Amino acid sequence: MTRISVGDEVILYLDAKRTYKVKVEESKQFHTHRGFIELGDLVDKPYGMVVISSLGVSFYALKPLIRDRVLKTDRRTQVLYPKDIGYILFQLGLGSGCRVLEAGTGSGALTMALAESVRPEGRVITYEIVERHMKTARGNIERSGLMHYVDMRLGDVTEGIPEEDLDAVVLDMATPWLVVPHAWEALAGSGVFLSFSPTIEQVMKTAEALRSHPFIEIGTVELLLRNITVAPDKTRPQTVMIGHSGYLTTARKVLELMD
Amino acid sequence: MTRISVGDEVILYLDAKRTYKVKVEESKQFHTHRGFIELGDLVDKPYGMVVISSLGVSFYALKPLIRDRVLKTDRRTQVLYPKDIGYILFQLGLGSGCRVLEAGTGSGALTMALAESVRPEGRVITYEIVERHMKTARGNIERSGLMHYVDMRLGDVTEGIPEEDLDAVVLDMATPWLVVPHAWEALAGSGVFLSFSPTIEQVMKTAEALRSHPFIEIGTVELLLRNITVAPDKTRPQTVMIGHSGYLTTARKVLELMD
Amino acid sequence: MTRISVGDEVILYLDAKRTYKVKVEESKQFHTHRGFIELGDLVDKPYGMVVISSLGVSFYALKPLIRDRVLKTDRRTQVLYPKDIGYILFQLGLGSGCRVLEAGTGSGALTMALAESVRPEGRVITYEIVERHMKTARGNIERSGLMHYVDMRLGDVTEGIPEEDLDAVVLDMATPWLVVPHAWEALAGSGVFLSFSPTIEQVMKTAEALRSHPFIEIGTVELLLRNITVAPDKTRPQTVMIGHSGYLTTARKVLELMD
Amino acid sequence: MTRISVGDEVILYLDAKRTYKVKVEESKQFHTHRGFIELGDLVDKPYGMVVISSLGVSFYALKPLIRDRVLKTDRRTQVLYPKDIGYILFQLGLGSGCRVLEAGTGSGALTMALAESVRPEGRVITYEIVERHMKTARGNIERSGLMHYVDMRLGDVTEGIPEEDLDAVVLDMATPWLVVPHAWEALAGSGVFLSFSPTIEQVMKTAEALRSHPFIEIGTVELLLRNITVAPDKTRPQTVMIGHSGYLTTARKVLELMD
């Protein structure tokens, strides 16, 4: 059974709205408005256990999953939803050993999910033009323990991509159509291009750029997620939902187009 | 650059509706209604290239991704859609090294996606009660090269799960609520339970079972995917869509419930 | 051209969020935080014109539509959305001369829409069990000028419906299944039953009750409405939407079921 | 109780997929592959009754609603769905006495629904440029008994609209943006404009035209309808749904724009 060690990050869960990510250290306390928790007491305990604060309030000690880290990410930049991230990972066809390029890095949420998908043998190269975002993302990724699989670069992929033979390129940026020619150059034959864009004008320009290069299987989708309340005599989709985050446009590189 | 080798599986792509998965062998021909292709000619060529059939028709040679394999899977059993698979993989929090249990195996589509997520250091244990399905799935998984990461078992998880300390349990079967107690036993603390069910009655029973065991973060969602046609003066969601495949119910094991 | 008269209700529109319904009277002022408007000045003016407040702020004078009245309805009770009301009106097959029964009245929002659909020759009979709601609804309906087509009754339709030969029965109440036998008695042959319910358990019970009486064309739908932002380079569905209001279950009375 | 008379149109309902609209005449038989029905026998019978064919097969005799007529409309032209028609009727704010202009007539499905909404005192003026469509629509509308409330005109509203002081203008045609200036001229102050368009490019052009004229409350929505199967242990949204029919763009005329 996996037990908690010094240096591990642990989620302290009070309820669905109040969860706290902490780093386990000996002789350190974590203070909440419901009392403090002796972090050293967590050492050698199993995940999923109940821990009691100094005020007698119970918390669960959970092992952070990538989706927990995404939710906990600093949200100063545009954020992808789990519905989109799951679809992106599957469409990109990632697995251990893949090399994938991302732009822009943003908060690093997708970067961490990509790194988890390609580790231990693969690599994420992630570009960001705003230095402040890159700094934030670096902190998030370092805390997740995934930095070993990530190359962070400050730069603008609309001006070119020096990498070659990539398995996938994924874009979450304002002008993805400007990157299409460079993405084609940087991808391996049969590699996957994917762009996330909130507006349909971005999608139109990106699709047009893709059609004018040797790409096939060009397609655009959007995903809607509904949360369902399930309880006796109260089962129903929830009243308020996210109606739109962005469109996902995918394509696959070929070396030349058929006549 | 990755080049095609003898023994590789390759997708021959004629158009979006006509793709063929072939195994590359020297001195073998693959016959289509548009002429045959000399498979030996593919050796040492790059993925993404155009190959010409004996009748002068062009095909693209693509590297199969897991999503290609899922689409190509023998569909005699209930099938999960990419929208659901992507979400499942992300919610389960899988990465290299994870141990995940699946029931039932069905055609092996999800099994392959799970194996790709946990390799090289993890493992998928997959249960199926119908021997004929298991045989079909075995063929699919073997052809994908992922069998090394999969344990296939003929058995009924409603009667118990012998495994322990699992990172995740994922169910795509008729009576998931009967498996909830066994899933709790088999999961590691903080491990993830996920069930896919087409009907709301299945969801109601599963949610009730989850609520009567030490599970937290119990939730149900459904995902809707819309394909968007993007072309000058023709941009619009497509007329016909899949309106429902199934509900996804997730939960997380804790060792005991708070008072 | 229709011009504004004394006694008319007029919508004063400042912007999408700030509209005011006023009754036109000579020598009366309507005060807003943007100055007051002399209501007598509106007399004999055309709808759609700009009126200027004492502080020089412009308002539009609009003719209230039923949808404006629905939005302006006192919302202390559960409220139907325009997407649902439009569908209800069309499914009920209403037109001038139809007699339709509604329960419960709630705020009178649907009552007004029904009355507008059946006037001048038809009639809405509306039941409510909460006297306070009936009083609120009466005020709303009177202000709309539609009371002439409405009979308001304080009573509980789960105990029986004295009316006969109705063209339609529409229910927006907690236990519609208890009304099904009475609705069958009260409807004319070929008449339409419709029930609006937020939860799936209500729908299940109502559908079961319908199946055990001579009803055909029993069906349930839900409607999702997405607001689309349309502006240069910003065109996209809006981020937040109403994910669920309720299910709409319809059926049609026959005199006896086929063998 | 309303009873069937000679000259009435009646729906003969065998099952959800097989319904037949017939005109009741003495001494006439209606032949189906399940035997014939003596139409004279329907006279003086109540709607909702079971009638037996010469082969002993049961049919229900139903009173046609506008929604039945819409479904039975000759569908050689683009067709609106009930979800869209209900919303259109409600947004237009129609009631007895309203004057509404429609273009193009198409099969007359929406024309009939509009006529039912504005009768007995209102009027639908409907324009169509294809003579063949107008002829089909004329037959549909005449059979519905609503022709008394409809003016059919062969003409192109992109070249101008001679009518004035209309309560509403509703467009279901390829180039609605070309009609926007004429619609503004033809509408009464505070009147409603509505356009139904399948593509987002049509919506963009129409919204731009509306913004450059004195229109307020400019908005675009789309409606999704899900059919739900409700049966013990089988309750779920149906697998296949209509993912898109068209966008609905509405606006309201004012006499001049605020500074």
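Think of it as A, B, C and D in the order they're written, each chain with its own count starting at 1.
Note that a residue touches a chain if its C-beta (ideal position, glycine included) is under 8 Å from a C-beta of that chain, and two chains touch if they have at least 3 such contacts.
On a predicted model such as this, the values are computed, not experimentally measured, just so you know.
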Those chains which touch chain D and also touch chain B: none
Centroid distance [mean C-alpha coordinates] between chain C and chain B, Å: 47
Inter-centroid spacing, chain D versus chain C (mean Cα positions, whole Å): 21
Distance from chain C to chain A - Cα centre to Cα centre, in angstrom: 45
Touching two or more other chains - residue numbers and ranges from chain A: 200, 222, 226-227, 232, 235, 237
Contact graph of the chains (line, ring, star, complete, other): ring
Pairwise chain contacts under the document criterion: A-B, A-C, B-D, C-D
Residue numbers on chain B that touch chain A, as the complex places them: 1-2, 13, 16, 46-50, 58, 60-63, 65-68, 82-83, 85-91, 93, 95-96, 113, 116-117, 119-121, 165, 188-192, 200, 203-204, 207-208, 216-217, 219-228, 230-232, 235, 237, 247, 249, 252-256, 258-259
Complex interface listing, chain C residues touching chain A: 198-201, 222, 226-227, 232-245
